[in-house]
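Submitted below is the structure of interest, expressed as structure tokens.
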Amino acid sequence: MALTAIDTKLTSTESLCTRYLEIRAHSLAICEPLELEDYVVQPMAEVSPPKWHLAHSAWFFEEMVLAKYSADYSRFDAQFNRLFNSYYKGAGEHWIQAKRGQLSRPTVAEVFAYREHVDREMQKLFSQTSLDQSCLDTVTIGLHHEQQHQELLLMDIKCILALNPSQPVYKVSGLKPLAKSAMDWHLIEEGVYEIGHEGESFSYDNEQPRHKVYLQEAAISNTLVTNGEYLKFIEAGGYENPLYWLSQGWDWVGENAIDSPLYWQKSESWQVFTLNGLQSMDLDSPVEHISYFEADAYANWAGFRLPTEQESEVFLRASELSDNPVWWWTQSHYSPYPGFKKFDGALGEYNGKFMCNQFVLRGGCAATPKEHLRTSYRNFYQPHQRWMFSGIRLAKESLR
Amino acid sequence: MALTAIDTKLTSTESLCTRYLEIRAHSLAICEPLELEDYVVQPMAEVSPPKWHLAHSAWFFEEMVLAKYSADYSRFDAQFNRLFNSYYKGAGEHWIQAKRGQLSRPTVAEVFAYREHVDREMQKLFSQTSLDQSCLDTVTIGLHHEQQHQELLLMDIKCILALNPSQPVYKVSGLKPLAKSAMDWHLIEEGVYEIGHEGESFSYDNEQPRHKVYLQEAAISNTLVTNGEYLKFIEAGGYENPLYWLSQGWDWVGENAIDSPLYWQKSESWQVFTLNGLQSMDLDSPVEHISYFEADAYANWAGFRLPTEQESEVFLRASELSDNPVWWWTQSHYSPYPGFKKFDGALGEYNGKFMCNQFVLRGGCAATPKEHLRTSYRNFYQPHQRWMFSGIRLAKESLR
Amino acid sequence: MALTAIDTKLTSTESLCTRYLEIRAHSLAICEPLELEDYVVQPMAEVSPPKWHLAHSAWFFEEMVLAKYSADYSRFDAQFNRLFNSYYKGAGEHWIQAKRGQLSRPTVAEVFAYREHVDREMQKLFSQTSLDQSCLDTVTIGLHHEQQHQELLLMDIKCILALNPSQPVYKVSGLKPLAKSAMDWHLIEEGVYEIGHEGESFSYDNEQPRHKVYLQEAAISNTLVTNGEYLKFIEAGGYENPLYWLSQGWDWVGENAIDSPLYWQKSESWQVFTLNGLQSMDLDSPVEHISYFEADAYANWAGFRLPTEQESEVFLRASELSDNPVWWWTQSHYSPYPGFKKFDGALGEYNGKFMCNQFVLRGGCAATPKEHLRTSYRNFYQPHQRWMFSGIRLAKESLR
Amino acid sequence: MALTAIDTKLTSTESLCTRYLEIRAHSLAICEPLELEDYVVQPMAEVSPPKWHLAHSAWFFEEMVLAKYSADYSRFDAQFNRLFNSYYKGAGEHWIQAKRGQLSRPTVAEVFAYREHVDREMQKLFSQTSLDQSCLDTVTIGLHHEQQHQELLLMDIKCILALNPSQPVYKVSGLKPLAKSAMDWHLIEEGVYEIGHEGESFSYDNEQPRHKVYLQEAAISNTLVTNGEYLKFIEAGGYENPLYWLSQGWDWVGENAIDSPLYWQKSESWQVFTLNGLQSMDLDSPVEHISYFEADAYANWAGFRLPTEQESEVFLRASELSDNPVWWWTQSHYSPYPGFKKFDGALGEYNGKFMCNQFVLRGGCAATPKEHLRTSYRNFYQPHQRWMFSGIRLAKESLR
């Protein structure tokens, strides 16, 4: 997939530079409440140390932009390409993901210096008179990439703090309580719809091309499943009855002794670990940190189903996207759209190679940078994962 | 999903009884060339000992039919429900799949006696004047179930024999060489199509309901990828270049040191283990025993893609189904059709609970009983599995 | 270690041939009560299918005797060296131990034919006028090896039958109930003792050389710990208190949810699976099928300790060896004696390479062929293993 | 084992207090060259983050001394007992060893504050007029315990730094090059020897009681095997020939693709990672960081054997202990001495429960605090471990 003119709003390099600096600064702002030790640890293979996120998002600009488009760029450290490449086989060997937390060096201070080096060099690049369109396009991808990692940073910080017996507070995180709304169903009429990214603004390759699908009549809930509703599933023995569960889900429950969402703690009453520390459970808040297996089992128990990603996209177009507190699982496997073309070059590994055994989540969450939200955005995770801000929206076949 | 009148061709209990006896006899006929020891072993978790298949398919009739519809049925052995239930949690605890090969008892002779007992009792049941429609429907499912296991028996027997250094011959298996046909592309025009089982004849719940989909223009190959074509992929370094592979596929290649399809052996020239024993490779035969990962990598290397299951179903309606030598992988995840309803009761676990991390295969193979083939049939396996008779059919976006 | 004249009782080839045929026949006699399916399965990595034992003990004579000393010997099957070599790296590649149960071929009938072939050829060899002493020595080792496998056969058969829900009876196995004797302590006086095999009769390399050790005063129990005594340990919470256990033992208890000896079953009362099938527990019989971890924890709980192998050997010389129903664990690691020399040639791998993380058991058991018992005999197993006939004999520092 | 008067040199509380402060300060001095991030990570399960060592050795005094003997002691943090108890089941639940590196909190600064708190409280305790002998004894053990962790700190710091691609330098660590001495053999004459700790000075429970053993004539090398000598073993194909190896050792080599000692790196020439950073190999230095498996294989290849721990103790008494650069593996399993009694109370878990599948190392190393060295000292590790400073000393049966 050619990257020509993927984001016309950003064709001015000056405004691109401004935006670059804002977005880059925001990554550091997210880490500001951390202790230095919090930057270093890796509690499970999928969770990266915050300092790795900071270094990797700098590496992206170094490897994909500066090394290609900056004539006499000299790398900050020859070993960083190996350490901070995440998974781009085309960019050479990389450090094993599960071992990121074994690296005490480079230190946090060195990572900060690395970011400053890259930022300085990027500003030099922006000051050049004529930049290639492909260069500008790659910078744009890099900024969206950095914003993805801003959400990942919050997910991973939460996971790192949660396992501490001292249950540390990150900070009041701006996750405001939602106005409670009555449950209602949004009708999707049978017929042909267009799905996928439209227009000239930025999107990832996996949101394209826009294409027609035929949807059956369906209804999708205008509210997310709440903690209180999910609690009823637990109290009804939902985690003990295999008939609600996918076969792999039931194995997962048994092998991991799962009996409630991640971060729920039962003492005298239910409490939830949050970025504000341990809180008593708000029954009206959307349930979060649940796996696809749990979302599917809940829907079965409740007599409904999960929506598809196409239904979700149609629903999102008709709703206010920016207020969505958690991503919801769809029953759709993360597959290529008809006519899918990968990004050109090294970025071809960005999305397409993960189209296997992952399910799509839609909608965005409170941790998602607002400019990063799109109705066509396809988030994806493996069905057992739940450290991201994931929840449940229900669907059914018709309004009746 | 109610099972009313799912197979009108079989409403006569007399003809149902005849068919029952034929199909049951065929399972034994498949095992006839085996040594008694071959009935017992389990070379990997997914492969079952042939005696287990024989017992399990009898158990299906005992548990799902006789125990429910035969007034004074007495079970052959009280422990067999636990031993030969495959995965129906609703039918009680069951023996772990991976440990089926640890059971020396019941002996093969006892399993044969079990089948005879069930057959006798089924004949008694058939001789009753008025059988419930739901009983007849369940018998029909049981026969299709037995036919599924006939194909599984051949897959598993091949796997059991293949690992023996003596490379035993099963028998000339009726796998006739195909007439070689020139590669050509079948056009699928853009538009709305109906997908899923139609009419009153039998189908599984997962093939229903019939529903509309919108397909983009596409072209699907009228030939399957051959051994010779696949060999070129190997010789071009296909197994050594991560850029052709899904991320999980590349991990699978590395962890299992995969460098060719299952049952291929390289000595001076390439040979293939078959049910006829070790044979020199026929370059014009369809490649078989490959994983989804390999199929997808091959398609990427060749500059094409795998078809979807919808494209495959449209293609199948226009082609001669019964001659298909191998199943082909589709790029479609095994998901519920819109409006999917599970079979009622215990059989609700037959299909729906596996709709996770499996990909659909279409078309049937030489080991599939001919009456078991349908254009709407959805076979499904995990992307790394390849001991079934699985191959590759290519697709592309348009005829050009 | 040279094998010269290791068993003077057997220097006559005629009597050696007679003994060969007797011992070989006894292996078959042990298997006689089995169903053919019982010969094939492998319930855990350390347990071998009975047909493997029969083939391996024939392979020993083929590889170590016939291939070396029979001028024009032709092997029964070229692949059997790979399939039935247990662990002799010097004899070439061998089939992985944990996968012995995956082999349906050669069939049991073929294994019997293999044994007959080897026996015929051995008889031909015995009929030659002058056999090399090293040949005679190797035959002698082969006979002791076959007797070791006779005990292993009974252990493995028990394990294979025990996991069957039908709890099959092997046969009345000649394990006669012991005359109950009162517990008493045998005094070992402080001083220098000689340990190890003495004289010209056969022993393994690991029992040599005879050497002096200095023992402190100690007392060793003249009775084995009984089921009834062990039950008190269970009832006192022995499996729940980490302070009785070795650190690795406590991990083993937790990871495997161990709460009683292997083959004990609690229903209304305690029952024990035996070669005679499921039996109600005899409280006066020696406890058997326990791990080193359990033996050590029991001794700690009871306020005693396990004896060393040197104490055990001194004790054995003073007692009636042939009546010992179970082996007892010693606290001695399986290490080389001072001046240890391995057998010459391929048989150098027989014993020495296992001198790591194994503990010595002494005394013999009811399944040990009587001629195979020696006071200097060193049996050895890993501390978690317990499918052999293993029990507990206690010791303490002095008679007081 | 009662702790009465175990170290008469320290009966004065004043001098004990002085020594306490010196030893405690030395632990911090060891960590002084570290970056803060180095305190946090855990590269493998057996290696602990330096901040954990600092906290654990404080916990030892808090839990074993202050909580028992200081009337109104209040703990620094209620959660630290769980976090910094290593393995004392009698002291309550403890955090899993392999997950120590997942804890970002408490921070390093908090751990330092914890140590200061404990030190203040210990000084208060020392200022009391009459301290119980058992209290003084426990303090003495605590100081020896802290010194053990000083060596562990150096081992673990080396491991943490070594895996960094930047190969950081810790500091010039005082590991002075040894005067090269000619290889010679020290004779041990046959006869009865006394083994174990003697006198009133401190020793661990596992060094007692002193007891008689009978040793055969043997000779033990007065030099350690050097890098240069070990290199010859590698060049002779030592890692490729199973006949030199213990059975478990050969599996370990294969599964972990071992082909040289830990920290050796082959580029154009051999280099070794040290606490001084990457250095070219000194062929005359003792080989270090090798496993028991490698030590045993080397000895087999060289035609010798490893010494027993008794031979080593006899040898140590006749040699200059304090100059020993690396521990040497003995062929002796870590077992209780005859009449062994554990420390009383909670400290009973210090040593005895590890007497399983560990081999004894003798002699001490350059990282061992000098006051911590004793001829009777028994160090022990599992046979595959090699991140400690471990080497090889050879033995043979006689001077000839």
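Just so it is clear, A, B, C and D label the chains in written order, and each chain counts residues from 1 on its own.
In the analysis below, contacts are C-beta pairs under 8 Å (C-beta built on N, C-alpha and C of every residue); 3 or more make two chains touch, one makes a residue touch a chain.
Everything numeric here is computed off the predicted structure, so don't read it as measured data.
Undergrad: Spell out the chains that contact chain C while also contacting chain D.
TA: Both-contact set = empty.
Undergrad: If you match contact pairs by residue number, which of C-D, A-B or A-D shares over half of them with B-C?
TA: That interface is repeated by A-D.
Undergrad: What is the distance, in whole Å, between the centres of chain B and chain D, each centre taken as the mean of its C-alpha atoms?
TA: That gives a centre separation of 58 Å.
Undergrad: Quick one: report the Å distance separating chain A from chain B, using the average Cα coordinate of each chain.
TA: 37
Undergrad: If you average the CA atoms of chain A and of chain D, how far apart do the two points sit, in angstrom?
TA: 46
Undergrad: Could you check chain D for residues that touch two or more other chains and list them?
TA: Answer for chain D, listing residues that touch two or more other chains: there are none.
Undergrad: Under the touch definition given earlier, write down the residues of chain A that touch chain D in their complex.
TA: Spelled out, the residues of chain A in touch with chain D are 35-43, 79, 82-83, 101-108, 160-161, 163-166, 168.
Undergrad: Would you tell me which residues of chain B are touching chain A in their complex?
TA: The touching residues are 87, 89-90, 192, 211-216, 218, 242-243, 245-250, 292-293, 305, 308, 331-333, 335-336, 338-339, 348-349, 353-357, 383, 397.
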